[in-house]
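Okay, got some structures for you below.
You will see chain A twice below: alongside chain B first, and alongside chain C after that.
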Partner chain A sequence: MSDPTATQDLIKGADDPAASPVAVRGDRRSLWRDTWDILKRRKIFWISLVMLILFLLMAAFPTLFTHKDPEYATLAKSMEGPSADAWFGYDLQGRDVWARTIYGARTSIIVGVLATLATILLGGLTGVLAAYFGRWIDAVVSRVGEMFLGLPYVLGAIIILGTVAPAQSNPGKAMIMAVVIVVLALLGWPILMRIARSAVIQAKHQDYVQAARALGAGPLRIIFRHLLPNSLAPILVYATITIGSYIGAEATLSLLGIGLRPPVISWGIAIADHASYMRTGAHALLFPAAFLSLCVLTFVMLGEAVRDALDPKLR
Partner chain B sequence: MGRYAIRRLLQLVPVVLGTTFIINYMVWQLPGDPFAGRCGQRPCPDSYVTAMREQFGLDQPILVQYWNFLKNLFTGNLGTDFNGVSVATQLGDAWPITIRLALMAVLFEAIIGIGAGVLSGLKRGGFVDNVVTVATLILLSLPIFVTGYLLQWILGVQFGVIEPTVSDAAAVPELIVPALVLASLNMAFTARLTRTSIVENLRADYVRTAVAKGLSNRRVVGIHLLRNSLIPVLTFLGTEIGSLMSGAIITEGIFNIHGIGGLLWRAINGQDYTIVVPVATLLVLVYLLSNLLVDLLYGVLDPRIRYE
Partner chain C sequence: MKANAESILEVRDLVKHFPLTQGVVVKRQIGAIKAVDGVSFDLHRGETLGIVGESGCGKSTLAKLLMALERPTSGSVRVHGRDITTARGAELKRMRRNIQMVMQDPYTSLNPRMTVGDIVGEPFEIHTDVVPKGGRRRRVQELLEVVGLNPDHINRYPHQFSGGQRQRIGIARGLALQPEIIICDEPVSALDVSIQAQVMNLLERLQNEFDLAYIFIAHDLSVVRHISDRVAVMYLGKIVELGSDAQIYDGPTHPYTQALLSAVPVPDPEGRETRQRIILQGDPPSPANPPSGCHFRTRCWKAQDICAEQTPALEPRQGSGHPSACHFAEVRDVVNAQ
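Up next is the complex of A and B:
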């Protein structure tokens, strides 16, 4: 018992695969539309969205939150606890912890977002190429990916950063951040490569790709118009969560003394600077740590909300 | 099975070679003189640098150096560090402590993670499920060092329940809190994985059959459901042993434990690459071999998986 109109639709759809994204805009519901409908009913999504906006505001306009100079130090106030004057107290150098925490958001978010973008570019590109062309390209990319995965994360970062920018060296502000971003991407790309690769391999044998190829579409067109848009969902979800984990990783590296370092203001540096003063001034350690965790939580929560909405069977 | 194992082992060879080459290359060839800071405030005399470069073979081309490294690795000769102390002795002292720490962490992951996952998966949407979901979300977003400092501050400094740092002996009771910290992230992953797996398998036909046969709830869950649901969890725990070892670098730093992580950490800071390379190689080997073992174990645990 087949519905005649449905069959007609099918035939029409098969006729002109390039037109399908336009047709979706009409009555039929797209994946993204469904996702949005699920998302907007979920509390966790709205909570993480509000937190995300707060953190982005903090990063873009720190003066909205504090009028104090994060570099201004009064040594007499070193390690003074929280008061009405300085909500989070003063750090070892007598600088305002609240101001430094606010200004730290910018660094963390820049590093997290840029490192994720670099990971997507590197991992996504290699993954798509490996899956699309297969054969020896696939073999080489997969093996090289395994080599980088074989280097455990912290270990790899320590080795690269310890040699490229050892603790004694003193590169400029932008340079320090760039090195950390490159290292994070360099160690993180194989995971994204695998995600992109499996997504493309799954999509590769779908009818619409075969149809596009039959119509004479070249590899570039097939990859960018057909394969990528349909493999975007898993990459997007992973990217959101990755921003969070990269922010945590940046702080970890800074803590070890090989990631970011002054004059950059970051949560990781603040934590590293005060780790050995836990008994006398835990505030200078715990407040940045709290902001760091909240920021990571925001991205992880957002990514999970999107993932659950995209793929309801996981719940 | 045997052929598959051999093929996997052979596939491992290029990966091991590649990874160790990357380590060697990055440590020895990237700019920065390994002997720059070894003479205090003044630059090292040329005679010293030349002698050291010759002693550690740095004057040879990278491929020759790499070949020598491989040769030494397979003959078990790890050499000495820049101060003339045997690397093998230092590894021998540090290794048992890290193994103890990692094993305890895996134990915590398994007991707490699987327990929480099973409880929340069986009653989906219930109170326990919500608590576990929120708890794992929080654990996932706390970097390990935050958890570490927090526990150290609360338990060690505020309440004095534990000593904030671990003694040289690193006995089992002292390692409980560090192991929990080390396990925290993977514990959350384990709980989630177990939950997903249980939820999926609850709908499976064999569970329905078992219930229909009139088996007791205990038997259905304990024998039929758990055994099948734990396969992916076990493989996860196995693959993570390797990364636990390198995660131990941070935990060992916070609690001042003299294990592999601490050794590596001091070597990096002292720019003593003669220790860095063997330790890193060892960690990579453990990581790759545990991955391989897990892959092979998968086939034993789940006969549906066939190796061609």
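Up next is the complex of A and C:
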């Protein structure tokens, strides 16, 4: 017969209060630490980080940058050029362009970040489920994703926004933004679903997942302890870049008159309002457009820096 | 480590066929890969059963079937009389405590995002009643010490360890639930030779300490001989010969075993040139379409008509005391013969 006393002794030791307490801690060097070490050596990361902080400050505390009211209009000053009084000049309604550009950051960043979060939730969840359970769930999720992906972006947005929030309707600020966020996420989730799905499928066949199954781990533990942490890198990279592209997409929809609209202040609306005054008052168009481009660039650069650090294979 | 008669694992007529399908929308089955094709053996308490065979003969699929990571097409795997292949849910989870695994590749068998403490402690989080919460960390450190690792390294991550150390972590994880059976699926084939010896010695020490029964899968015959009490030779999903290590190595009766053994390198240069080597012709046939009768007949120099017509049973043959699946089995010492 077996002699279980040896292992029994080991367990007894575990409950023994006299046993010396564990004081020594080994040095923790996780893969995230390594990522940070690579990241902090990259110039592009620091540049984009400084710009990101600037934009976030603008979004959170616009009064740090301007004391003017972005809604205050003096029609007499319509399309007046830049001066010491108003650095970026005045727009068509005679409102301060600098103030409106600063206040526009908040809308653009909120829409970009929230739409990306919604995309991650929707695409990530469906992707993980499709990859983990496979079979018909995978087939259904993948085909539905392809249907959404087959829809041209702008066409899809026109149809949905035109139905839910037609131009003659008059929804509140939050409602307009919520609708745009939902539309962006609805049309963008299949790409993230595919990224999450492929990353999870790759992780699923690793030996450590088999080992966890052999220990008797359930699906939740396997997904949250083993699959997700090892699939996060590509999702994170794509999400960072997506924030930038969603900010651009929001401006596109606003330009077409179906996205955000007054009373919301956004770069896209400013561009839309002054698109036809390119020759007479370029300042009212160029400054919001420049901020928009810089903001998109910030997120794309950040995403690229993160990608280089997280996933050297993709370089 | 002397084996006694009580068998704790009984495998009977285990079959695993992977279906081959064709078609995109409507899938038709056009055949099957016969990865494991009728395997039976017993494992006794405290013994080591070595399983050898070339790549693709079904060794790893067999390991997965024994671990209930794959469902068999037919047959049974009984642990203490209860069939693990039909167990579900809580019962399966309870049975898993008794049969654990050490994986082949120490670089992919540990989650790179978890610390060593989390990896070795995960069994306790899944089976919460084994060790009370407060004692887990201490227990993990003891396990690390048992396998010869510094218990202070509990917060390190797998990539900070060498291959041999990682394999020790994998062994500690396998030991955590105090199983009676550990399935080692080529546990040393990814390691350097010097490290192989260390890990093998560790496995032997643990076996004596905890009275473990091993199923030791490998393709390296000398490694298997070193650790095994009994050896099973697999070819194309079937066991072709089964016996004690002395019976298999000194008196093999199956032509395939003889061919395998004749390929083992001999360290003594004296007479090495004149040694008989059996060179097999061709490749193993596809497991999707194995030959009729004896699977080995297409490469066997003894093959006759009966080999194509009748499948040889795994039974004791004339002149030897151990079972062999060959119509023309006869003892031939290829290792010591000149």
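Rule of thumb we're sticking to: the second predicted complex is superposed on the first by the 283 of 315 C-alpha atoms of A that agree within 3 Å, B and C clash if a C-alpha of one lies under 4 Å from a C-alpha of the other, contacts with A are read in each partner's own complex, and residues count from 1 in each chain.
What we mean here is this: a residue touches a chain if its C-beta (ideal position, glycine included) is under 8 Å from a C-beta of that chain, and two chains touch if they have at least 3 such contacts.
Keep in mind that this is a model prediction, so the values were computed, not measured.
Of the two partner chains, chain B is the only one touched by A:Glu146; chain C is not.
Legend: residue contacts after superposition of the two complexes on their common chain; A:Asp207 is shown touching chain C, with no touch to chain B. Here chain B and chain C are compared by how many residues of chain A each touches, and B touches more.
Judged by the touch definition given at the top, the superposed model places A:Lys43 against neither chain B nor chain C. Look at A:Leu31: by the touch rule set out above, it reaches chain C but stays clear of chain B. With both structures placed on the common chain, the touch criterion links A:Asn230 to chain C but leaves chain B unconnected. Applying the stated contact rule after C-alpha superposition, one finds that A:Gly216 touches chain C and leaves chain B untouched.
Looking at chain A, you'll find no residue that touches chain B in one structure and chain C in the other. Residues 1-4, 6-7, 10-11, 13-15, 19, 22, 24-31, 206-208, 210-217, 221, 225-226, 229-230 of chain A touch chain C in their complex. Taken together, the chain C residues at the contact with chain A in this complex read 6, 45-46, 64, 67, 69, 92-93, 96-97, 100-101, 103-105, 108-115, 122-123, 125-127, 131-132, 135-139, 141-143, 146, 152-157, 159-160, 170, 173, 177-178, 180, 209-211.
Touching chain B in their complex are the following residues of chain A: 143-144, 146-148, 150-155, 158-160, 162-164, 166-169, 244, 248-249, 251-252, 255-258, 271, 275, 278-279, 282, 285-286, 289, 292-294, 296-297, 300-301, 304, 314.
Interface of chain B with chain A (complex): residues 14-16, 18-19, 22-23, 26-27, 30-32, 37, 137-138, 140-146, 149-150, 152-153, 157, 164, 196, 242-243, 245-247, 249-250, 253-254, 264-265, 268-269, 271, 276, 280, 283-284, 287-288.
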